[in-house]
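To start, I am sharing the structure in question, which I have written as structure tokens.
Naming follows writing order (A, B and C), and every chain is counted from residue 1.
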């Protein structure tokens, strides 16, 4: 086995990609930058979704709750006159606390019931953001101080996305990650072998909520306006799930490949087709469910390639230590 | 009132989960389609909603069986974890597609069937006799259902599979056929609940998914797999929504189901009628 | 010799079913103790109660002088009681090594330093003879290998008591013989073993004392040769044998 390339290649790849992305604004137009910005947003969401949904095997359909919460909290703090850094921290802190609180009751649900329960989380948020008009501006949405931050937010989003990927890579190789995989396989046995499962499940949700809420804050800073359907709607709720599943859950490359494919589809198809966006999602989900539960990463064409580069599916916990 | 409707549909959900291990996230969509069908039957064919509520059952059993054979059957033999993921993707995806397509073709909301009966007056109190009738009808349906599950072969088979899949297989219960039938039954229950729904409330194509979340609340509230639990859970949710709408305003009632769900999970995760552990 | 484990008046109900009734027994440090009884007697339930997977309806489990019943299984595991499962339950998609690592990383009272973990896990894998399968997913192993893996995973937690639930059932005579040697070695490491076993030969060969359960009741206890001649045990077993033969016929 080429253990050497396995540990050296990923960091090099990450550095190369980062370098290219940083230099990119000099060479390409704003259209491409906007596209990459959105890609980074989706990628962050998909990769952070995968920590709970893929590594731990709890399908969290309400992952976008953290995105929306982070966006709203950041927007509100910005409007109170605080600088961006503070606002982002506030957004992350609020949604991490929220994640910790709801994790206790929600993780008492298992399997499909958990998925459905987390779905309820979104509708709760939508109702809250619609009704707490003083704070959120209600259904009219909320605007932040205007200004063109497209370049800065491009960098921030790209950095967040890369950081999320690196975090999930390290997580998969950590003892904590090993426990999450074990919980996915058999939670009761994991507990019987000393894993404090309740605590770890909560922790996993909190960890997953951090990148999602951060990118939510960056998003609102860039677009300067959000409304309840924009951040708590079905499309944004399902995109991380679909991306992670399309690419392949529980893997590092899965969310990446999924995010690129889906944003491309959006770009190509949806700009021409005003209707049936949700139908496309729906049909795609049905097809993945029926024919490709492992996602693209585990499909015949991509698997050998990805395994070669050392970004394949297993934790390889033992190889590192 | 609304509680009875919730209970009926939610029971459909939990029965098919018990037998199939598949939670049908498109369940609410079938209520929505049922409503629209009932509405269409009323407007175009002038059909009494109670009649269509009965007629719709065999029709939707067939639709449900078709749905099962086409989309669920191919994945039922997978290991549990994969089945879970696949079934969520498939039923949720179907649900999205149904919702999106329906709202494309059915632009305006359906504001209740214009079917009224003379109100009933008991002393000072005026009771809408339509509501009373709907309630009565739901009770009858619930009783028929209970008897069906207790007495008939299919009913017994359903309960047997719910208790032990392996055991039922050994005794020779035709699991696959019963599964299809159960799924159909669940769908039909949702659809016929939908017809009552449209006699009382506004229906739009987007109500499906929020409704499915409400069923979850009802099912957890009442305890998994218990018909009595589902009906009581439904009643509680209906009441809670009415109270919320009254005291806080209607805009708050959509989230009460979730709040109830969280509360029951903290206080008594097994539900009101569930067995502990 | 001192008592490591003591069960005091354990009851466990499942709805109306009495799976365990008034179970009293104690286990001496370093012994191999057998638990036998017909199917459905409550043996696995007893293990579940001891390891904390389920709570007793009433009664107490005392481990090294401390009450452990009522605590979660993860606590009990780190205190020193590890188990295997009758129907094997390895973490299917994880490799054999990762399975054992779970025991090393989480099941011990003290977490070993990160650098040593893989070696410790590897040592347990080699102990059960799975050294060359370390990087295979557990789901690809054969039944014996899975059972061995479960033992390795349990041993990786440095247990004081090892609970073995029908480890030799379904194995060939040679495989059984190897496993018997392993269990002796485990005992030689100072670990108390409680084993549920259907194969009487194994029990006779290994166990110092045996407890017999029948419909949740302890109907006999003593040395293996005493117990197999106990009239009540014979009745329980023969009654059961006849019943099951009729069923299968």
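In the analysis below, a residue touches a chain if its C-beta (ideal position, glycine included) is under 8 Å from a C-beta of that chain, and two chains touch if they have at least 3 such contacts.
Predicted, not measured: the structure shown is a model, and the values here were computed from it.
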Message = So, comparing C-alpha centroids, which chain is the farthest one from subunit A?
response = C
Key: Higher-contact pair (C-beta pairs counted), A-C versus A-B   = A-B
Ask   = Which chain is the middle one, judged by CA centres?
value = A
Ask   = What whole-number Å value describes the gap between the mean CA coordinates of subunit A and subunit C?
value = 42
Query = Approximately how many whole Å separate the CA-defined centres of subunit A and subunit B?
reply = 32
Query = Tell me, which residues of subunit A touch at least two other chains?
reply = 185
Task = Note which residues of subunit B are touching subunit A in the complex, please.
result = 17, 22-23, 25, 71, 74-75, 78, 81-82, 84-90, 92-101, 104, 209-210, 212-213, 216-217, 220, 251-252, 254-255, 257-259, 261-262, 265-266, 269
Note = subunit C residues touching subunit A in their complex are 51-53, 72-74, 77-78, 82-83, 85, 89, 91-95, 97-98, 101-103, 105-108, 114-115, 117-118, 121, 134-135, 153, 157
Query = For the complex, which residues does subunit A have touching subunit C?
reply = 175, 178-179, 181-182, 185-186, 188-197, 314-315, 317-318, 321
Task = Within their complex, state which residues of subunit A touch subunit B.
result = 57, 59, 61, 102, 104-106, 108-109, 111-113, 115-117, 119-121, 123-124, 127-128, 130-131, 184-185, 234, 238, 245, 249, 275-279, 281-290, 293
